[in-house]
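Have a look at these structures, which come just after this line.
The same subunit A turns up in both complexes below, where it pairs with subunit B and then with subunit C.
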Partner chain A sequence: MLQQLVNALLLGGIYALVGVGFSLIYGVMNIINLAHGALIMLAAYTTFWVFQLYGVDPFASIVISMALFFVIGFILQKYIVNRVVGQNVLMTMVLTYGFELIAVNFALYFWHADYRAVNPTYAGTGLEIGDVVVPYIKLGILTVAIVLTSLLYLFMTRTKIGNAIQATSLNKDAAQLVGIDIQYIYSFTYGLSAALAAAAGTLIAIVYTVTPSMEGGFLGKAFVIAILGGLGNSLGAIVGGVVLALAETFGVVVFGAAYQQIVGYVIFLLVLIVRPCGLVGRRFFSEL
Partner chain B sequence: MGSRIRFREWFFLLALLVMVGLMMEGCGLIGQQATGAGGNVVKIGAALSATGALAREGELMKRGYELWKDTVNEKGGIDVGGKKYKVDIIYYDDKGDATTAGKLVEKLITEDKVDFIMAPYSSGITAAASAISEKYQKIMIAPLANADSVYSRGFKYLFGVLYPVGEGFGLHIDYLNTLQPKVQKIAIIYPDDLYPTTAAEVVKKKAEGAGMRVVYFQKFPKGTQDLSALISGVKSSGAEALITSGYFEDNVLMVKTAKELKLNVKYLGGMGAPTQPDFVKTLGKNAEYVIGMSQWEPTSGWKGPFFGSSQDYNALYKKKYNEDATYYTAAASAGGLALQLALEKAGSVDTEKVRTALRALDVETFFTPIKFDDTGFNRSGKGLIVQIKDGKLNIVYPEKLAQSKGVFPMPEWDKR
Partner chain C sequence: MTLVVKDLNVAYGDTQVLWDINISVAKGEVIALVGSNGAGKTTLLRTISGLNRPKSGQISINGQDLTQATPAQRVRLGVAHVPEGRQLFAGLGVRENILIGAYLRTAGQEVRRDLDFMFETFPEVAARRNQQAGTLSGGEQQMVALARGLMSRPQVLLIDELSLGLAPVVVEKLFNLIRNVQKELGIGVLVVEQDVEMAFEMADRGYILDTGMIVKEGRGEELLGDDAIRKAYLGI
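Then we have the complex of A and B:
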């Protein structure tokens, strides 16, 4: 039982990273970013190639991929996604889904549907405390997840640009009135979100098989986690991730593995009905 | 000016001719016709996928039929009652569609008047096509259709070469039974999908029949990204062996998670996934000792008449196609071989006599042993159990084909 609890907490780390970037974009821009899974997938491939060709450890290359994807995200928003900000929801979905399709087929075309994996030497090793095993990799991922979301929280609350992002998400017009460059803030936020997706993709590459079609499952997870934690809430993403992981893990223990995902989605529905602002969100849905 | 119009008219006429030609070919009006002018010829018809989703499998099967045909004809033909018969095969493209395959089989029988039918690829298409051949009481040899449902319809003229689906996964139990110390407790995990579920249930029954206890039997959602909860469950169930009927990614995740959580089972196995080259590439050293199954390998070691051993067959194939043979091609050639052996034994090309001879067939071939049961299904065929050793596939079961003894129990993760 204790082992299952540890499993859940460690899985929660991955989930938190998957959800936090998705949540951020929705909070600030009101865009459901269906391209999020594709960004995770592309980052996983980046990690794979950097590891394969140059032998860079994934925990080190996370910095490279985050920087790279920040730039990609920034440009993507500035020249493409920005055209649909403020449009109806359907338009934003069509656009981001379109990007996803392009990204997946790009990956299929260039890298084929081959299964790939990143295998650092310490893969599979872990800390043993009594009967409980804590795999180093997943512990590392949880640590990175906590550090990154905390940094994001500090960034949002302590820096000028972070405050500007918050202001924009609270009231776009008022933010503009006090001299905030909304366009820049949007691009910056999308870049930030892409960087977080890259962090998630990098770490997922170590624990999961990298294929062009891996994006689908993670997009669904991102949705649930973001809603559970409260859309736009960065600390909420950790809560959402851990809650989903707990639900899935104990769903297996109590109801059997066939119900693993159902339990997660039932909780998701309950939260939507009872607490639409998320488990830790306040009524103002886009608050950070 | 006038000449330009004439040119246009000519061009139009030419285009029309080409179109008509294409249409005729599309309808199969210009097929490959019998070559054996004079002399005796066994005329065989085959509807195969040359285009569509199953084109690749169709091509591999056609190679198998062709390799058999060419080898027979080079040796002067099949000896049927003292006379030499050459083989001729007429092919049509079923486009991977069951209805089309059915129509083409009807055409082969009624218009081309073939003596025997070789089946298309896959259980689904064969099921449809064989209904037609059965109606006309023509023998159909099906090399690559091994769902039980194809043979449970009481057909008398259908013969399936590849051994049954369910028995494939059950091979784990046969192999486990030969290992010492005896495995008592076994865990089975499988994704929520039709084929893996059927396979898992068949194996569960078989394990219990063999006196093992299935201590952990769990279905997980298809395409899951995490198996820690299940592997922890397996660990606390005390299972000595863990097998999955899952897909490639499930197998990879199973092995990774087992190592991470230090699940030290004596036996870790999957189905086809561990035999794919990507498996070792993806898992590296962690793939060592994992057990998988294969329908046929060029190194199988089965021996029989005409083609010789699996290695001989592979050499023959390699000479022509410059690559190793796969089980698709081997099964197709084995289908031809089964018909050939029955023809020789019957001493006649008469359908009823050949059918009786096929029923009585009991022979080991380069592919597998072939012995059709009352439903026409080759249940005596056997797959292979392979274990990954030094990154290579190593046949460990059936014993008579084993390249070396399997490593059992597999070493604990810490002691590698």
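Then we have the complex of A and C:
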């Protein structure tokens, strides 16, 4: 049971990172970013290759990877995604899905459909608490996830640019009237989201396997997590991630492994029906 | 002259809604802009602050041309706009809403002093500084919107529908507050107002906008004394 809880929290940390970035983009520029899973996948490959070729520890490369993906995301928004901001939903989906297809085929072409894994030397060791064994690697992942989500929270609530991102997501006209350059905020937000996707991709590469087709699963999860937290409410996505992970983990215990995915989607539907503004549903935020 | 609008034409798609508008607001002046629903008052204010783009014409502040500037650049050059319906950031706190008005300012000390000044000027709001802005009453929200606009230290303050949804006593109080603050800070004010009588009593000068054209301008008391205006707008 305790072992399960540890696993759930670990997964929750990763899910939170997956969902936050996705929700952030929807909140700020009303785009369902179908490229999110592809960014996670590309980041996972980046971690894999940096480890494979240069032996850089994934916990060290995460910082570089986040910085790199911030820049990629910023540029991607500024020159490409920005063309569909404010257009109808279909256009935004076509464009971001197009990027997704390109990225997946790029990965398939160059790296083939092989399953790859990052195996640091300390992968087998763990911390024993009573009869529960917590692998150091998982402890590390959980720590990184908690640190990153906390930093994001502080960034959004305490810094000027974080406030500007929130303001832009709440009211674009008013944001411009106080002098916020919303074009810059759009690009910055996309960069931030890509950096978070990179962090998630790196952590995923450490515990799971890396394949070109991994993006689909994580894109679906990102969507569920974002809805659970209240679509567009980026901080709610942290809660959404943990809830989904708990549901999936304990769903397996109760209903069996075959139902792992189903449990998540059932909760997703229930939340949509009962609390369409998400579990957290902070007043005046992300009113749908 | 602080703000000058010259031969301004504005259209939504093919539908032109403003025709050859010429107005000006000088330092220390309060100008009232009145007109019936759909006359184009909001469109004019949005075009001055850069949310809408004109078809032709010029907008300048202190002789500096703004016509191509982004909304953010206009804020930097001294234009503040308190929009119709207040448009607060409902999910943020009252204090954050006011403070974000100083987004482009860097001198922290001065900003904090100005924030204190706003709380002194609007004591009702000060008492609720930690509440979410969406929970305030209409009058309190309007005060927050005014304070947010003033936090950028503007040269010209544009106010759209000061009285929207507010009781006449509250409007009168707000008008007096604006008068005082405006004198103290020496800024120009362009206020759109439904209550024509109050607007022209409070204002130094006024403009009447009718289906996209300025049909009358003059000193406040002059306009109030005009029989045609009294008939058309005051029903007397």
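The rule we apply is simple: the second predicted complex is superposed on the first by the 279 of 288 C-alpha atoms of A that agree within 3 Å, B and C clash if a C-alpha of one lies under 4 Å from a C-alpha of the other, contacts with A are read in each partner's own complex, and residues count from 1 in each chain.
The criterion applied here is as follows: a contact is a pair of C-beta atoms (placed from the backbone, for glycine too) under 8 Å apart; a residue touches a chain by one contact, two chains touch by 3 or more.
What you are looking at is a predicted structure, and each value in this text was computed from that prediction instead of being measured.
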item	value
Partner chain(s) touched by A:3 [first = subunit B, second = subunit C, both, neither]	first
Partner chain(s) touched by A:252 [first = subunit B, second = subunit C, both, neither]	first
First (subunit B), second (subunit C), both or neither touched by A:179	second
First (subunit B), second (subunit C), both or neither touched by A:115	first
Contacts of A:158 with subunit B and subunit C, given as first, second, both or neither	neither
Dominant contact partner of subunit A by residue count, subunit C or subunit B	B
Contacts of A:207 with subunit B and subunit C, given as first, second, both or neither	first
Residues of subunit A at both interfaces, subunit B in one complex, subunit C in the other	none
Footprint of subunit C on subunit A - complex, ascending	160, 163-164, 166-167, 170-171, 173-174, 176-181, 282-285
In the complex with subunit B, residue positions of subunit A that touch it	3-4, 7-8, 10-11, 114-117, 119, 123-124, 126, 128, 133, 135, 137-138, 207-209, 211, 216-218, 221, 248-249, 252-253, 256-258, 260-261
In the complex with subunit A, residue positions of subunit C that touch it	49-51, 70-72, 75-76, 80-81, 83, 87-92, 96, 100-101, 103-104, 132-135, 148-149, 152
Parts of subunit B lying in touch with subunit A, wherever the complex brings them together	189, 192, 218-221, 223-226, 228-230, 232-233, 235-236, 248-249, 252-253, 256, 259-262, 278, 281-284, 286, 413
